Amino acid sequence: MFVDWPLDQLRDYLPTRTEPDDFDDFWAGTLAQARAAESTARFEPVDAGLATVRVYDVTFPGFAGQPVRGWFLLPRDATGPLPCVVEFLGYGRGRGLPHEWLTWSAAGYAHLVMDTRGQGSNGSMVGATPDPDPTGLPQTPGFMTRGITDPQHYYYRRVFTDGVRAVDAARSHPAVDPDRVVVAGISQGGGIAIAVSGLVDGLAGVMPDVPFLCHHRRATEITNEQPYAELVTYLKTHRESVQRVFDTLGYFDGVNLASRASAPALFSVALMDAICPPSTVFAAYNHYAGTAKEITVWPYNGHEGGAAFQQRRQLDWLRDRLGAPAAI
Amino acid sequence: MFVDWPLDQLRDYLPTRTEPDDFDDFWAGTLAQARAAESTARFEPVDAGLATVRVYDVTFPGFAGQPVRGWFLLPRDATGPLPCVVEFLGYGRGRGLPHEWLTWSAAGYAHLVMDTRGQGSNGSMVGATPDPDPTGLPQTPGFMTRGITDPQHYYYRRVFTDGVRAVDAARSHPAVDPDRVVVAGISQGGGIAIAVSGLVDGLAGVMPDVPFLCHHRRATEITNEQPYAELVTYLKTHRESVQRVFDTLGYFDGVNLASRASAPALFSVALMDAICPPSTVFAAYNHYAGTAKEITVWPYNGHEGGAAFQQRRQLDWLRDRLGAPAAI
Amino acid sequence: MFVDWPLDQLRDYLPTRTEPDDFDDFWAGTLAQARAAESTARFEPVDAGLATVRVYDVTFPGFAGQPVRGWFLLPRDATGPLPCVVEFLGYGRGRGLPHEWLTWSAAGYAHLVMDTRGQGSNGSMVGATPDPDPTGLPQTPGFMTRGITDPQHYYYRRVFTDGVRAVDAARSHPAVDPDRVVVAGISQGGGIAIAVSGLVDGLAGVMPDVPFLCHHRRATEITNEQPYAELVTYLKTHRESVQRVFDTLGYFDGVNLASRASAPALFSVALMDAICPPSTVFAAYNHYAGTAKEITVWPYNGHEGGAAFQQRRQLDWLRDRLGAPAAI
Amino acid sequence: MFVDWPLDQLRDYLPTRTEPDDFDDFWAGTLAQARAAESTARFEPVDAGLATVRVYDVTFPGFAGQPVRGWFLLPRDATGPLPCVVEFLGYGRGRGLPHEWLTWSAAGYAHLVMDTRGQGSNGSMVGATPDPDPTGLPQTPGFMTRGITDPQHYYYRRVFTDGVRAVDAARSHPAVDPDRVVVAGISQGGGIAIAVSGLVDGLAGVMPDVPFLCHHRRATEITNEQPYAELVTYLKTHRESVQRVFDTLGYFDGVNLASRASAPALFSVALMDAICPPSTVFAAYNHYAGTAKEITVWPYNGHEGGAAFQQRRQLDWLRDRLGAPAAI
Amino acid sequence: MFVDWPLDQLRDYLPTRTEPDDFDDFWAGTLAQARAAESTARFEPVDAGLATVRVYDVTFPGFAGQPVRGWFLLPRDATGPLPCVVEFLGYGRGRGLPHEWLTWSAAGYAHLVMDTRGQGSNGSMVGATPDPDPTGLPQTPGFMTRGITDPQHYYYRRVFTDGVRAVDAARSHPAVDPDRVVVAGISQGGGIAIAVSGLVDGLAGVMPDVPFLCHHRRATEITNEQPYAELVTYLKTHRESVQRVFDTLGYFDGVNLASRASAPALFSVALMDAICPPSTVFAAYNHYAGTAKEITVWPYNGHEGGAAFQQRRQLDWLRDRLGAPAAI
Amino acid sequence: MFVDWPLDQLRDYLPTRTEPDDFDDFWAGTLAQARAAESTARFEPVDAGLATVRVYDVTFPGFAGQPVRGWFLLPRDATGPLPCVVEFLGYGRGRGLPHEWLTWSAAGYAHLVMDTRGQGSNGSMVGATPDPDPTGLPQTPGFMTRGITDPQHYYYRRVFTDGVRAVDAARSHPAVDPDRVVVAGISQGGGIAIAVSGLVDGLAGVMPDVPFLCHHRRATEITNEQPYAELVTYLKTHRESVQRVFDTLGYFDGVNLASRASAPALFSVALMDAICPPSTVFAAYNHYAGTAKEITVWPYNGHEGGAAFQQRRQLDWLRDRLGAPAAI
């Protein structure tokens, strides 16, 4: 069943944005601090059991210069600089093993998969990046409410900064054409991609699928599904913190970040998705400031969205935008 | 929690096999009829949006010569004949899209993915192969009980024959070295792989992961999980058919088929897997007649088993057995 | 809780019908082909362990002349031609055993219970009629999507035709008064009764209880319950087939079939029924073209509707319409 | 899956009985008091909308002479005294409407359906008999623990006495042959039938299907299913009452009552029945003192047991025992 | 997620009341009869293992003079008459043990906890008060529908009367200042508090938390949660009794009782509470006739509401209203 | 149903302990480091809205001297040094509000409630203590696997140390008799109490109820319930870490810690407790080295165990051991 408004109403939904006055300063300061780290990205070749792909175990400096892990894959015979897809992950998943990430290199792209700090222990793909948290504020199990009473210590401040620095890391690799970097991701990965789109200039594309982390307040009011439900559980306990929590989230809402983006974008949304309800996705999409934008609507899908079908649309959309990758 | 006996007991479990007298004649006749089909496998190149892989839409003659679909993937620059992995699918899944199947070609192998007739409409990967069924006996929704009162019309007679013919199809392609064909699959795919291992000579390897379709009777007695539960639902309705159903299944039980195999094998099993309970897997493994066999035990996993970790073991196991694939 | 609109709104709900141009030709051709079958209905007496009822095992030619099973029950001492109730079954149920169907004969009616092809293996009542399906298109487990991409091969083309031929069979029996044949059924059985009401002339009554198979598109948008959910699962997988599926369903929608009916009708609907939501039932009822119609509303019931209470209303309604059955 | 021991072990299971010293006095006194009631059974003809059956609304004096309702059905044309089936109901169900009870009269028997006091409001069949309870001890919602701390006030003291008096009522009707009265029932109805078999002489048969109310203590230890779970919930709250509760149940355990029975019996049991686990049924069956006994085992069924198939076995078993009912 | 209308709409919701003409006579007669009982409240000291509190096992005459149990707690060193909180319990809970009720005495109040007749066997707190019910009408398991077809025998007639008499009992104790008695309760306890507020004069305060038993008809239409669902189950079975049931409930609806109240009140409501939906609480609150009223809204809570936080507000609200309790 | 072995077998269950060689050094070093902190416990009086209790907001130095919060309650009129109960909390709960903790002070004891670092945001009681975690290793949501690959950084190293220091803090308060300090807790709180019993000398009593954190390995093998299931989820993901995880847990297993205890103890266990299965509790109890020990067995309870009834036993047991608390 459809979980939200009819499609026509969704297409027109443009809620007023709620954002703190120092939004841009907050992010400028955060990124400046991160980029002040002395370390640089390391790409260590690994034997992943593969033949047509070169695989590198990446460690790059993320938030506050902390080490963030990832995989970097290149078509084995690539010669010139390649366009690169920087991919962020769904909630709870880690970077897993390299052979779980073969699509973009098989299509001729460089591909950097960013591990999500602290995640990757939920029974699916394994993670390898710590999330040092010297404050350790009480939180609901999960990641949505880690440090949520203070924007400086909120978990997604660290993650979004990692995302920006992942783009920096990709651009620093000689096999990558820095003008043709694209960010992408599904669910939480889509939310990070939107955040990065609002914080980084010169991206060649943004591809958020059924993105999470947008319009949190409405999400808590219309769905019981995880992970937005972590917010509800937190507020159910910390009854006095409602305003404070949403004040913090103002710095991290995909709606606000999308309003600062400029790159071409291909979104997706699913009308039976109770995890990332359509109105929260359309709120971000309709505020997305890049003018070359489109959104694929999957009417009979839940949070799986278009899955491989959406990926195929992305392959075609990128080829149209960037031309076929350089000869391999 | 562990869902079955302790591991030591599982390792020793060798139940008496129950199989019909005409087991071998049944299968010899079935395969002879299938191989009498006049048509041959067709491999049509398709644009799958990829660069390092050549993709072909395969249609090969399966049971009774009926057309079965699949994907065939080759590393783009492969030169000599390659070892080939023929892969069968989990219950309910279809062949999906080509870019969902990139591991083996990226590792330098030819790769044939066989669609499972009738399946591929369960909300995950899409299928494209019909399952003509002119008898249309009443059945429990699903595929486990289609035609189950008559071995001639039982669904898996058609599927296992398709599996044998998929090996034939792979061997017929000029890029494939017919002496280095390996069969593999997860869950139902593992069950089909076991079946094919008992029906085809000269395989270079058999890699069943958490296989389904083994020791059905015990499965119905110790688990409520789907899809074995389809058998229970059928027998719950057709109370008079218990013996008849298990008589039919004697022709299709992985325990019986494994006892006729000879190729090297790498199995896997998970001790928290209630879908394909460990004792049903060990029953097949312990009866498996190939002498170069091993089994990976995942103690803390359910039906996902080793997932990408098992795949990595397969990559290594195959490289050890077959050498690195021919230069690409 | 109420699962749909308030009752006042339901009573006024008359959605625009969507039906193909060749709707009537499609059905005329289908029925002509079925009636061209050479075979006729056979009624074989059986010992059902009963004393006051004569029981016959019926086999009549259904779709394309294929054999369809059923039970036929007559009050033992009936003399003249009797009014007859032709009953269709709920989703998944088979004809079961004769002593499960004693109401109508005990009330003095002839009673023909039609088995639903392929069904009757879901753990409740057992079925005995095959559903030959030479195309065998991929489908979601169940019956809702069998052949759904092609109206010629859609499962309910066969079932509705069987329903029409069941009326023909009943009328052919000497103990039945052909002018006093009534069709009835619960859920799927109600959907078949509506279909037959639009395809057969001269019925003495139509009694659909909480009918299924009406206004499918809205059903998929407002409920997650089975069996409408089979449509959702199919479209979730076959993302490209949405239009095609609903084009097919245009030939089978109870809303369209009801608009061609003329017999007196007694419907029922339940306001807490999430399986056959009230608006889908009222859509069919409000379009039902017979003028002597009424609908019983059960406000505090789910899909069980009025159950035995509705059956009692039917007993009274039929007695009012047809007079008491001929002396027995 | 099987929910209890293997069948061989079940067949041999003969647990030591635990029963109070004054068991027989308790019941003798209870029945004497009930039979001292001045009122007698009334049979009021009703129009049930039926033709081949005479239906009577029965009110007979039950426990302490309190009025108990039921239906009494006779084949319309019955002449001489008939054998009669007295039927007790499953947990929560009421006597419903007459046309829900047509099997035994259609088979030529008189049929008395006893309403279960207080029950019949659980969403299925409607009940009409009060359960006056002047003590009103605190209880877990349901009926299992009503008055459970005192055998004098335990709910089933009243119900079992009603059951005995239902047999008396049936025997008092001129159309019934008092030497050919049979008691039957499913689940709770089977438990009542067992109880009556131990408390009434001269029954012609006892037919308990998947009986409830046997070997309660073991039931609470091996299943979480309702209604045995009501006992667990009660003891979970009233932690100090464990011994007292099982002392009370000693007067009502089907194991103890069965050990006093003598009539021929046809039991049934289902190996996947977690509601009335097989070992509790076999405990009663193995202690059943009538020598002409048999038990039907349904291996692949849950609490539905044999359903209509078991009913068919009963029809045949009774015909074999009692001869065909007198000509109608 | 929010389970009902937006807060603004809730604040304005003032549904038309439906109440019987003899509402006030009904209650005047009921209370007069109860107060005619000859017995008086007994307070027996018990050793509850505590040091700073005096504990009494209370038995007072409730409905029709029947004995109702409770606990009475006094700060050990209290000297003069104290304000007293009379507390009613949530659905299914009993009075438990004395040390489960320490808050109000620790805050310096006398505290009378009233057991709810018949309840207290649901696996949580244990109860000790019988509910003699000589009519014993068939009911859905639970307490909501006990005697529901007759206002004279409806369960809550007895319970609400007990509540009124609990206030009488408290006022009769020499340590209690009869002009400073407050009633309170959570869920069902809140519903009883509202009822008592409409039936007793001179209360010093009323504190219903997330109250149950208000606006039953709307509740049945918008939620599936227990215990309102007991009404639905009853009406699902007793299809003919809808009007009769709601006629009975007119005497007991918190909306009607609140409209007769005059004491100051502190309500609470939770916007994610599907058990006692917000609109049913606001219906009572908005009709509450006392002018010194306020309501605490917990936006992110379910039926737990404010829990200890609400209790703290009550402590403060009472201190503001009544002054600090007399020196202890 | 019983979830584990029969009681007789449980009473005899004494599994071999698995513990690291440096177990005692590990803990000696850890505690020495913690006690080297310069800060001392602060007790700040707060207005908790209460009259008979003095309430203090406690902050004491825990692991590595980090601040840990708690409540300290004293009977208002206590004069001499009192025995003190130090209480630890169940999994996920925080210290909540002071009026949620009134039992022990009402019984005349000093009472220190220790907040559990990081916890207290799960929708029940609110927490206030951070858990600084500078390593931030990837973990399964929750607390069971935080830092689990390294004993130095494992979460419970910090928590158990906090527990030891809570005893130190209690002993440091002038109103507390340091020779009469007792530790207690339910579930996780019971596990902490056991740990503290093995790490602190001179305790006057240990009262673990249905304790958690004992015999983890067996727990993962026999239950699917949270929170032991967090371990399973972790190992399901980090397949290579099984040995490492259990090596770490060797330092924290209640079985090993209990074997070093000497104080009198009152345990409890529940035979229907799937969260802390009986055999894991008996493993700790049977290894508990204090000779004056007893265990209360609740046969019909789940993880709620004896609840208020067990608390009452504790009140009596402590009074027997320590005498009535000093006059107040």
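As written, the chain order gives the labels A, B, C, D, E and F, with residue 1 at the start of each chain.
By definition in this document, a contact is a pair of C-beta atoms (placed from the backbone, for glycine too) under 8 Å apart; a residue touches a chain by one contact, two chains touch by 3 or more.
Composition by chain, UniProt nomenclature: A, B, C, D, E, F = Cephalosporin-C deacetylase.
Since this is a predicted model, take the numbers as computed values, not measurements.
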Shared interface partners, meaning chains that touch subunit B and subunit D: C, F
Steps needed, at minimum, to go from subunit A to subunit D via contacts: 2
Furthest chain, CA centroid comparison against subunit A: D
Which of C-E and A-B has more C-beta pairs touching across its chains: A-B
Same-residue or different-residue interface between subunit A and subunit C, half as cut-off: different
Centroid distance [mean C-alpha coordinates] between subunit E and subunit B, Å: 64
Intercentroid distance (Cα basis), subunit D paired with subunit C, Å: 37
Inter-centroid spacing, subunit E versus subunit A (mean Cα positions, whole Å): 51
Numbers and ranges of subunit E residues touching at least 2 other chains: 123-125, 236, 304, 309
In contact (per the touch rule at the top): chain pairs: A-B, A-C, A-E, A-F, B-C, B-D, B-F, C-D, C-E, D-E, D-F, E-F
List of subunit B residues in touch with subunit A within their complex: 49-53, 75-77, 96-97, 99-100, 102-103, 105-108, 123-125, 304, 308-309, 311-312, 315-316, 319, 324-325, 328
Residue numbers on subunit F that touch subunit D, as the complex places them: 1-2, 272, 298-302, 304, 306, 309
Subunit F residues within the subunit A interface of the complex: 92, 94, 117-143, 145, 233-234, 236-238
Subunit B to subunit D touching residues, read off their complex: 220-224, 232, 235-236, 239, 242
